[in-house]
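Per-chain numbering from 1; labels A, B, C and D assigned in written order.
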Amino acid sequence: MQEMIKERVLTLINEGAADRVLAWETGEFFYDRTPKFFDKNNVNDLKYDSFCGANVTKYLIAEMPKEGKTIVLVKPCDSYSLNQLCTEHRVNREKVYALGVGCRGKIDVEKLRTMGIKGITAITEEGDTLTVSTLYGEKKVARKDALLDKCLCCKGKEHKGVDEVIGDSEETSVGDKFEMVAKLEAMTPDERFEFWRGELSKCIRCNACRNVCPACSCIKCVFDNPKSGVDNKAAADDFEENMFHIIRAYHVAGRCTDCGECSRVCPQGIPLHLLNRKMIKDINELYGDYQAGAEIGQRHPLTDYTLSDDEPSVVHERGGANA
Amino acid sequence: MKKLSLNALNRFFGEIAEKQTLIAPIERAGQVDFGVWSESETVRLDVLKTVKSAKGAFFPQVEDMVRFHMQGKNIEINPSEVMNEDFVIFGVRACDARSFDLLDRVFLSDPVDPFYAARRAHGTVVTLACNEPEETCFCSNFGIDAAEPAGDVSAWIVGEELYLRANTEKGETLIKDLEDAAEDAAEETKKAIRAVTEQLPFASLNLEGFDGEHLMEKFNDPAWAELSRACLGCGTCTFVCPTCQCYDVRDFDSGNGIQRYRCWDSCMFSDFTLMAHGTNRPTQVERFRQRFMHKLVYFPSNNDGLYSCVGCGRCLSKCPQGLNIVKVIKALGGDK
Amino acid sequence: MQDNIIPMLGVVTAIRTDTPDIKTFRVEAVGGGKCFEHMPGQCAMLSIPGVGEAMFSITSSPTVKDYQEFSIKKCGCVTEWLHQMEVDQQITIRGPYGKPFPVDDELLGKDLLFIAGGVGLAPLHSVINYVLDNREKYGKVDIVYGSRSKEDLLDLPEIESSWMDPKSEMNVHLTIDRPQDNWDGHVAFVPTYVKELEFTPDRTVLVCGPPIMIKFVLQALTELGFEKTQIYTTMELRMKCGVGKCGRCNIGDKYVCKDGPVFRFDELGELPAEY
Amino acid sequence: MSVNQEWTPNIVAFCCNWCSYAGADLAGSGRMNYPANVKIIRIPCSCRLNPLFVLRAFQRGADGVILCGCHPGDCHYSTGNYYARRRMTMLFSMLDYLGIERGRTRVEWVSAAEGAKFAATMNDFVKTITDLGENKKLEDLRCKK
């Protein structure tokens, strides 16, 4: 598929339909991928394979003032982010050529490491099995066990609103995406508190979740603004961890496309997507099904209302057993 | 040399913890990091790299410095106490152990940092050799031997036994009650470790040209712009790095006194050098360059050629976008 | 033991409004006297808890025995707070930080030329008064000082009464950027004026002002035949710790708070131009 | 705020300028009793309530936070409280999800004429919070030193 993509990109650039392409290049290891802009001279270095988990659409914001059109490679999940960025006028769709690329789920090397696999030197894929070569011998792993969490419950393999699609996709979802949220909801408040305390206390406030998030596109974040009274560099108290993540989830509520980048980039492995998914689940339940980024120009549920909305007390009343 | 069966490790920990705080790599919510040990915690000596480095034991992410109380035009100053209790940090790897030397050069150079100095004086460091180095490890480039870690006590896991050797008086006191063992008990393990480190993908990086003499040449290299293009400007690399030591001093108004504290900061953040009239590093290119120039050129220039990198490889595995110091070394170093 | 990073108390005993946006604050220790001794060119960290802490150069000369003065321009959070405070307010202060101007070695016996623009006079003020109080130790002294307008000239009463006093044996050349009604002195930008005054390149120069002024002054001096080794300046960057550890003011292998703020231009030339 | 034996809850009530604040006034001028530990903060409209305000109230020692605004349909700015309704729903849901006790947060619609309702609401809310006890899950220890 990589070769097809390169060929197509080159044709588009040569035809004058675009000037550059935003995709991935390989890093120091066979598995690490860095988002990169290519032009026709170096497009040969473009990489697209099972390790391109990163969502590159946010890089388009900085491209907007530049002349010319950018081709962006989008996986099905990334296409939602692109649409959402366009909806919010952060990206001008006219200046972007969205090239959908097929996806059969992306591999998470960190997951292999937590399985105890050390010294990874190569991974070969055969159907549903990965053969992982390491400094200490070979290991076989089921492909689905090594996929990024976001791939295990994805929004489907249909690209939304792209200009064309190259390559086939394969369904990778193994369950309901709200399963874990529902599990947490079924806990008692104290159990939930314990769960989140454990997770959030790992936060080191590196801001990777915020900086990678396509919905967090504010030029100056409230947590960086000394006049907001909540700016900080490190959580000096448990409270600040709570506050940062509550507010971040809240600020992207209704705009989060559930691209899963926050959890992918978190160095501490905090399942941040569970916060966002809770917001999505609530919105679906209370205000009707809504998928941010499904198309350009949608009005998101938190800038909308109906006369018959539920009162806020509804969140305390439902699931009463755990009150 | 002393020895201890791994089965008896928890008992040994218990004995230490009776007298002083014990910090060890423990697993919490799926991640292994250095934390305060108690019997209910799971120690993970099999995990090579804690997510965060061990620097937090001496240079915590947040540290109170002073508390002020304001009354009318008057101010009352109450400095925070420096650490005054002994503690042990167990399971530090060779790379992190070196990072303490590098931090010493910053915090113990004149004028000495009182908070750091106190922690350093009260801490006993027990290091552990790396039985299975990772592909991201490259400590050998900085003269670090993963098989012979420094510290007050060095330890090796050989089969089901833990061998410990005291290197200092502090270390001697800590392990004096353990069973004696042959001095060469860990030799085979050391050999095996060195055999692996030699084969690691980054076993020999070409660091030529990273010194004070080529400062301007490296600084003005056009490669920085492309290298930094994908940088998100987050602080992941900085915060997981064992040698990054920049900090911010902040005030928190608690409503009943103002707490002044310091916390880790990152030169990758846009407000790091922000002044009332603007910033001298306006784009991510300059910020990115600063971080790596500091580690590879500025620091060695001030510290007898010692690089401010210990090759732990945390930035290699943790950068969300696959940027890291090895990439920089390859792009600007002798192999350029 | 914690002296170097834990501040002490200071009391603001006098506040003088110098220009529309510059005030000079006199700071004494609680109970009177100086908070600490310093040398010309050194700085101190002033802070209002809860607002912030910032580095300021000490304006008064070490020869003043009872207090220290800081001329501060209103431009950010901390300075805004300082500008609205009243006499007797306590603040916190720590220092002195940095390397001073080499008044007791390289500058001894030299003919000196001071060039300042706007609030850039503040750090030089300390040196000039030190030189004045030890007049016999130095050769000829010329001071070129310019500002936007007459109102923006810092310390004008003191300049007129003390530095311009013939007894001081100093030549003061004042200039403002644009002509104005009550001004019969020189009108020119500082770099132009320096060129017009045709100083001979046997002087040692101390210059401070906005970066753009420094840049052109340097050009003017080079044209007049000065070497970079003859010119000193003092820099400012964001600082937090003041002791060369927090990393903020790092440029190249130097920390401005510790290795500076006074630099000779040939030293600066070896550093990346990140200031 | 020091912790002592006789703990009484701190309540922050954000009241919209046009209805609820006037309602509180009416409760006052009508000499209707409600506990003194309710601290009222006036906001221009219920939809001015930034969720950060709620969190910061907890940080600074509040044990319960209540938002009072005009009845839906009666907003001075026509639709502000409709937005506030959705926002607070989402915020409360998030707090609940993190395991913060339900009941620490509440929204009530109180018109300018409902002084009695204001007093009754506050009495009831203070009782709820007193029963829940001190806010421990969303506290900032630095503010309690």
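Quick note on the criterion: contacts are C-beta pairs under 8 Å (C-beta built on N, C-alpha and C of every residue); 3 or more make two chains touch, one makes a residue touch a chain.
As the structure is a prediction and not an experimental result, all values here were calculated from the model.
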Interchain centroid distance [CA atoms averaged], chain C/chain D, Å: 53
Averaged-CA centre spacing for the pair chain B and chain A, given as whole angstrom: 30
For chain B paired with chain C, centre-to-centre distance based on mean C-alpha positions, whole Å: 39
Chain C residues counted as touching two or more neighbouring chains: 77
Sequence positions of chain B contacting 2 or more other chains: 248, 252, 259, 265
Chain D residues counted as touching two or more neighbouring chains: 140, 142
Overall pattern in which the protein chains touch one another (line/ring/star/complete/other): other
Pairs of chains in contact (touch as defined earlier), listed by label: A-B, A-D, B-C, B-D
Touch list for chain A against partner chain D, complex: 184-185, 189-197, 222, 228-230, 236-240, 242-243, 246-247, 249-250, 253, 275, 278-279, 282-283, 286-287, 301-307, 309-316, 323
Chain B to chain D touching residues, read off their complex: 67, 252, 254-257, 259
Touch list for chain A against partner chain B, complex: 27-29, 32-37, 54, 59, 109-110, 113-114, 116, 118-121, 134-136, 198-199, 201-202, 204-208, 210-212, 224, 232-236, 261, 264-265, 267-270
Chain B residues within the chain A interface of the complex: 28-31, 33, 46, 48, 51-52, 61-62, 132-136, 196, 199-202, 229-230, 232-236, 238-240, 248, 250, 252, 259, 261, 263-266, 269-271, 316-318, 320-324, 326-327, 330
Contact set on chain C toward chain B in their complex: 1-2, 4-9, 49-53, 75-77, 79, 86, 88-92, 236-238, 240-241, 243-253, 270, 272, 274-275
